[in-house]
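Next come two complexes, and both contain chain A; in the first it sits with chain B, in the second with chain C.
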Partner chain A sequence: MDPAQIVNRVPEGEVPKLRLEHITYRYSIGTPFEKRALDDVSLDIRRGRVTGLIGHTGSGKSTLVQLLNGLSKPETGRVLLDGEDIWREPKEIGKIRFRVGLVMQYPEYQLFEETVRADIAFGPKNMKLSDEEIKTRVSEAAAFAGVAEELLDKSPFDLSGGQKRRVAIAGVMAMRPEVLVLDEPAAGLDPQGRHAIFTGIREYNRLTGSTVLIVSHSMEDMAQYCDDVVVMSHAKILMAGTRDQVFARAEELEAVGLDIPLITRMTLLLIRGGMPLPSGIYTLEAAEEALSVAFGLPPVPPDKEDEGKGGTRSW
Partner chain B sequence: MVNISLGQYYPGQSVLHRMDPRAKVLASIIYIVASFLCKNFFSFVLLFASAILLILVSRIPLRIVMRSIRALIFIMAFTAVLNIFWVTDTTAEPLIHWHFITVYTKGLYHALFILVRIVAMIIGTSLFLTYTTSPIALTDALEQLLHPLALLHVPVHTFAMMMTIALRFIPTIMDETDKIMSAQKARGADFTSGSLVQRAKALIPVIVPLFASAFRRADELATAMECRCYHGGEGRTRLRILKYHARDFLVLFALLVLIALLVTINILGARFGWLYTM
Partner chain C sequence: MEDSRSGNSSQRQKNTLIQVSDLSFAYTGEDGNPIPVLSHVNLTVREGEYIVILGHNGSGKSTLAKLLNLVVDDYTYAEGHIYMSGLGEEMRDILSEDMTEEDVLKLRRQVGMVFQNPDNQLVATIVEEDVAFGPENLGVPQAELRKRVDEALATVGMTEYAGHEPHRLSGGQKQRVAIAGIIAMKPRCMIFDESTAMLDPLGRREVIGTMEKLNREEGITVLSITHYMDEAARADRVVVLSDGEIILDGTPGEVFAEGEVLRKAGLDLPQCTAAAQYLQNRGVRLEGSLNDPESCAEAILKAWNMRNTNTQPGVR
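And then the complex of A and B:
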C-alpha cells in the first residue's frame, strides 16, 4: 500500500472536517537550536469520527494539534476547516477556537475559578452566550466528562487529580466544539480513569456528532476507542487510515518502535499459524468471542465486567 | 543544559569563558574600579583600548556586545546631555552661548569621558560575567566569595541555594506561562484587546494557575530534596569544584597593571596639566 494514498483516505465526494495541506513548522528559527517539528504534513480528519493520533515523544503530535485551532500558525501550508482556510481572516481566529476545542496536556493545571461550575463556564462565557444557555452547557458538559453534580460547587483546587482532569475536559466540551481535540487526555490516570474518560469522549462524539481527535501514545487505547488512526514519526505522517488498515501493518509499526496491542499481535500470530480468526481484534472480549467461534464453543455469556461498564462514569 | 536558554550566557571556549568564576567576579570589580580611576584624556583612551581588547579576547561577536550597550542607551544619552550643558569652565571661553544655554569644550569632553566610562563598565561586567559565565557558575562563585560572611551568621549557603533554584526554575515557569496562556486562549480568553483594566482582568486565568503550580512545584522540590537528605550547606561537597589556574592570576595581574598604568597617567597628567581632567 502506498502511504500517500492512505493519507488521502476520504471517500469521494466527502469534504473532510479538517484538512492539513503541506504543513511545515519549525521551532527557534535562525538559532543553533532550530528544530523541524512538522515536515510537509498533509492529512485529512474525517467528519464525525474519532481519530487517534499516535507517535513517539517529539514526533510532532503536540505541534500539529496546536495548529488545528490556530494557537500557532503554520510556516507554510494551510489548515482547512470544512474546506475553508482558518487563517483567511486572521482577526477572526478567536471564532475558530470555539469551533475547534482543544484540551491541552495536563489540563488540570489550568483551572483557576472559585468553583468547578464557574470554571466549566469560562469558555461559554467567552462565547458571550446567554446565562440560560451557559447553564445548560455546563451541566451537559459535566455529564459527558463524568463530573458529578455535587462537585460543581466545590473549589477545583480541592478535587483529586482525576476529577480535575475531567473538569478541564468539561470546560472545553461546554463550548460544544464541532471538533474536539484532546492531547493525551488520559496521561497519568489509572486504567479505570482512562476508561471513564475515553468512554465519555466517545459518548460526546456519538451524541453530538462532532469530530474527535485524540493524541496518545498508547496503542491499546487507540485500538479500543478510535475509528481512524494516524501515526506520526519524525515530523512526518507515517501512515493514516482506519484502525484495521493501520494495525494490519504491524511490522512497519514495530519497525518505528510502536507496539500494536498485545491481543492483536497474538491473534495475528494465530492467523499466521493457520487459525481461522478474523483480523482486526483489539480487545480481550473480541478475542474471546472469535476464539470461541473458532473452537466451536457456545458464545461467551455476557461478562460481569461488561455490565459494570455503563457505570464506570460515576467512578 | 538549562542555563543555555537563560539570560545572556553566550557559550564559548575563550580564556574568559574558562576562567574561574570567582576570579571573574573579582576581575569585574577591579575593572569597574579602574574605570573610575580615569582622570584625563589619555587614561580614557587606555580604558577604551582595554575594553576593545576584552571583546577581542572573549571572541563574542560585536553585535551581541552591542545589544547590552543598547539597553542602556537612554541613560547614556541622558548623562551625556547633562554634562554638555551643565559643565562650566571658568578658564575658557564658551563654545556656544545662546540665551541660557552655554556649552564649553570641557563639557563636550566630559560627556565623551562619561560615555567611555559607562561603555567600559558595561563591557567589563558583561564580558567577565553575564556573557561568559553560566548563572549556576556565578552563584557558586558568589557563595564561595561570600563565605566569610557565614562567620557573622549570614546564611550564605541558603541564599546561594535559593538563587540557584530561582534561576533553575525561570525557564520552567516561562514554559508553564506559555502553556497556560495557550490553554486559556483555546477557551476563548483574549489577552490582546480591550481596555487596560480588561486586559489586567484577562490575566487572572493565567496568574492563578501559575501561582498554584509554582507552589506545587516548590512543595514537590522540597520533598524531593528532603528525600535526598538535604540538610543545608554543612558538610556538603560540591559537584563542580572551583579551582584557580594560571590564567586567572594572569588576567588579574593584567588588570592590576592596567590600574597602575591609569594611576601613572593620572599623576603625569596632573603634573603636566594634560587636557581636560575630570
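And then the complex of A and C:
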C-alpha cells in the first residue's frame, strides 16, 4: 500500500512491530444493528515503545485490539506482525496469541486456579515450557506486575481487587509476549494503584524491550506513561504520533469531547487569557516550569527543590 | 478526629440525617480473628448535603457506605452507633439489637444505594420494568407506580429508553436506569459506591450530572464514594478516609489545601490545583478557589495581570 496513508508511520528503514493496513470491520452485518467499528484504518505501532490508544466508548478501540492477536479477523485489510500477515496461515493463529498477549478489561474476573502461582503459570504451561522455565517466568512476571512473593501460594479469591488485577496481568506477562496489549489496566484503581500498575508495565517494556499498547479512557494516564498516543473517533484514527505531537493539538481533542488532562485544560485557559505559555503542556512538571518563567521566578536551585515543590506531586 | 461539626450545631440550620458515632468495624478473617476496617469514625450528614467520600482502595469507604444501609454480612465486630432519622420519633441507632426486619426495609427505602458495576444491578429485561421493580415490591399501587416510573426516568433523562432492553445500553445509561430504580422508591438519601469507576468519561459526566440534579432539584442527600478528585471538587463537603479513619473533613478547598496529607493517604491533588499551589509556595499570591482548571486559571491570570501592571508600569 501507499505508505503515505499510514498513520503514525515508522521512520524510513524501521519495520513496525505491528502494522494495520486498510482495516475495515463491521458488527451484526445485514441486521438493523449493523455497525461499522473500524473504517479503513491504517496504523503503525512502533517497536519497543509504549503506545496509548484512546477514544470514546464505541470509537473502535476494543475492536482494533481484538484484531491484533487474531481474536477477530478483519473483514478487509491486513494485520502485519514484524511485516508478516498474521492470517497467512489461519491454522497457526493460536501461535500469534502467544506473541501478542492481550489483557482484557477487568481481567480479575477470569482468575480460576487454586493458587496465584498456578494462575500466573497457566499461560506458560500452555506454551509447553519446561517446569524450570515456567518457574522463572512466574517470578519474573509477578515482580513486573507487583504481585508480592508471599501471595503466590494464596487463593486468588482471597486477594483484594487491585491484587487480583495484578495477578491477571502477570499471567499474560509470564508468556513474555513480544507485544503486550492491555485494555484499561488501571480502571477502578486508586491513584497509587494506577501508578503501581503503569510503572510495572513500563518496567516490563524497558527490561524486555517488548512493545506495549495500552487502551485507556484517561488522557492523564496516557500523558504520563506513554511514548506514543493514538486517538480514535468514530471508527477512524483521529490523530496519532508522539505524545508531544498529540498534546500540541489539545484544543482539537477537547473539541471532540475527550477529557484532556486537567493541567492541559488549565494551561489552554491561561493561553486564551493572554499568558505566554507553550501550547500542549500535559505534565505538572512542564506546567510548573512554564509558569515559573511566565511569572519571572528564578529557577529553583537543586538543593531547594523540595521546598519549592510543597504541593502534592502528581505521580 | 473529634466530630466538631455536630458539637457546635448552633450555626447549623439543617437537620441531621445520619450521625455516625465512634463507629469501629472489622471483618472476621479466615482464622476467626478480626480484620479491622473502620476505627472510631465520627460523621454527621445533614439533610440536603452533597458529600464526597475519598479514600484509597481498602481505606474502608465502601464498608462505611454499606453499614449505613446495613448490607454487610457480619456484624460480629461492629461497635459504636449509626443514628438515623426518619425511623421513628427520634434518631434511631440502626446497629442496635431492636431493629426489626421492617425497620431495615424502611431504612433501605430511605437510603438507596448505587453500586459500581452497571451490569450487576439491573434485573428486568425492559428498562421501565426494571425501574418499577423496587417500588412494586414496596406495594406501590399501579397508578402511582406508573407515575413514579415515568418521573424517575425523566429525572435521569432516560424516558426515550423506557421500552429498551437494558443490555443494549451504555454503561452510563445502565447506571442512570439503576438510579431511576432507586429514586422511584423516593429515598431521602442516596449513596453512590464508586458508581462512576467503571464508566468512560462520557458515562461519568452523565452520572455525575444526574447525581447533582438529584441533590439540587430533588433535595436528595448525596453521599458519593470515589477516588476521582475532580468529582470531589464539585461537592459541598469532602471527607477523606485512610486506613479506616477519617483524616480530613471540610470543603473541597480546605481538603485540597492539605496536599501532603492527601498524598500520604494515596490520593492525588487535581493537577491544576497542584500547579497553583506550586506558585503559591513560590510566593505568588492567588485568591479564590483553586479546585478546578477554570478557577485555577482565573486566579493565576489575575495574579499575572496584577504583577505585570505593578512591575512594568511603562509597558502598555
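As a working rule, the second predicted complex is superposed on the first by the 263 of 315 C-alpha atoms of A that agree within 3 Å, B and C clash if a C-alpha of one lies under 4 Å from a C-alpha of the other, contacts with A are read in each partner's own complex, and residues count from 1 in each chain.
FYI, a residue touches a chain if its C-beta (ideal position, glycine included) is under 8 Å from a C-beta of that chain, and two chains touch if they have at least 3 such contacts.
Just so it is clear, the model here is predicted, and its values are computed rather than measured.
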{"item": "Which of chain B and chain C A:38 touches, first, second, both or neither", "value": "neither"}
{"item": "Which superposed partner A:64 touches (first chain B, second chain C, both, neither)", "value": "neither"}
{"item": "Chain A: partner with more touched residues, chain B or chain C", "value": "C"}
{"item": "Which superposed partner A:270 touches (first chain B, second chain C, both, neither)", "value": "second"}
{"item": "Partner chain in contact with A:107 - chain B first, chain C second, else both or neither", "value": "first"}
{"item": "Which of chain B and chain C A:180 touches, first, second, both or neither", "value": "neither"}
{"item": "Partner chain in contact with A:141 - chain B first, chain C second, else both or neither", "value": "neither"}
{"item": "On chain A, positions contacted by chain B and by chain C", "value": "none"}
{"item": "Sites on chain C touched by chain A in the complex", "value": "30, 55-58, 116, 170-171, 194, 197-198, 200-203, 227, 230, 259-260, 262-263, 266-275, 277-279, 281-284, 292-294, 296-297, 300-301, 303-305, 307, 311"}
{"item": "Contacting residues of chain B [partner chain A, same complex]", "value": "176, 179-180, 182-190, 204-206, 208-209, 212-213"}
{"item": "Residue numbers on chain A that touch chain C, as the complex places them", "value": "56-58, 106, 158, 160-162, 187-193, 217, 220, 257-259, 261-263, 265-266, 269-270, 273-275, 284, 287-288, 291-292, 294-297, 300, 307-315"}
{"item": "In the complex with chain B, residue positions of chain A that touch it", "value": "66, 69, 71, 94, 97-98, 101-105, 107, 109-112, 122-123, 126-127, 157, 171-172, 175"}
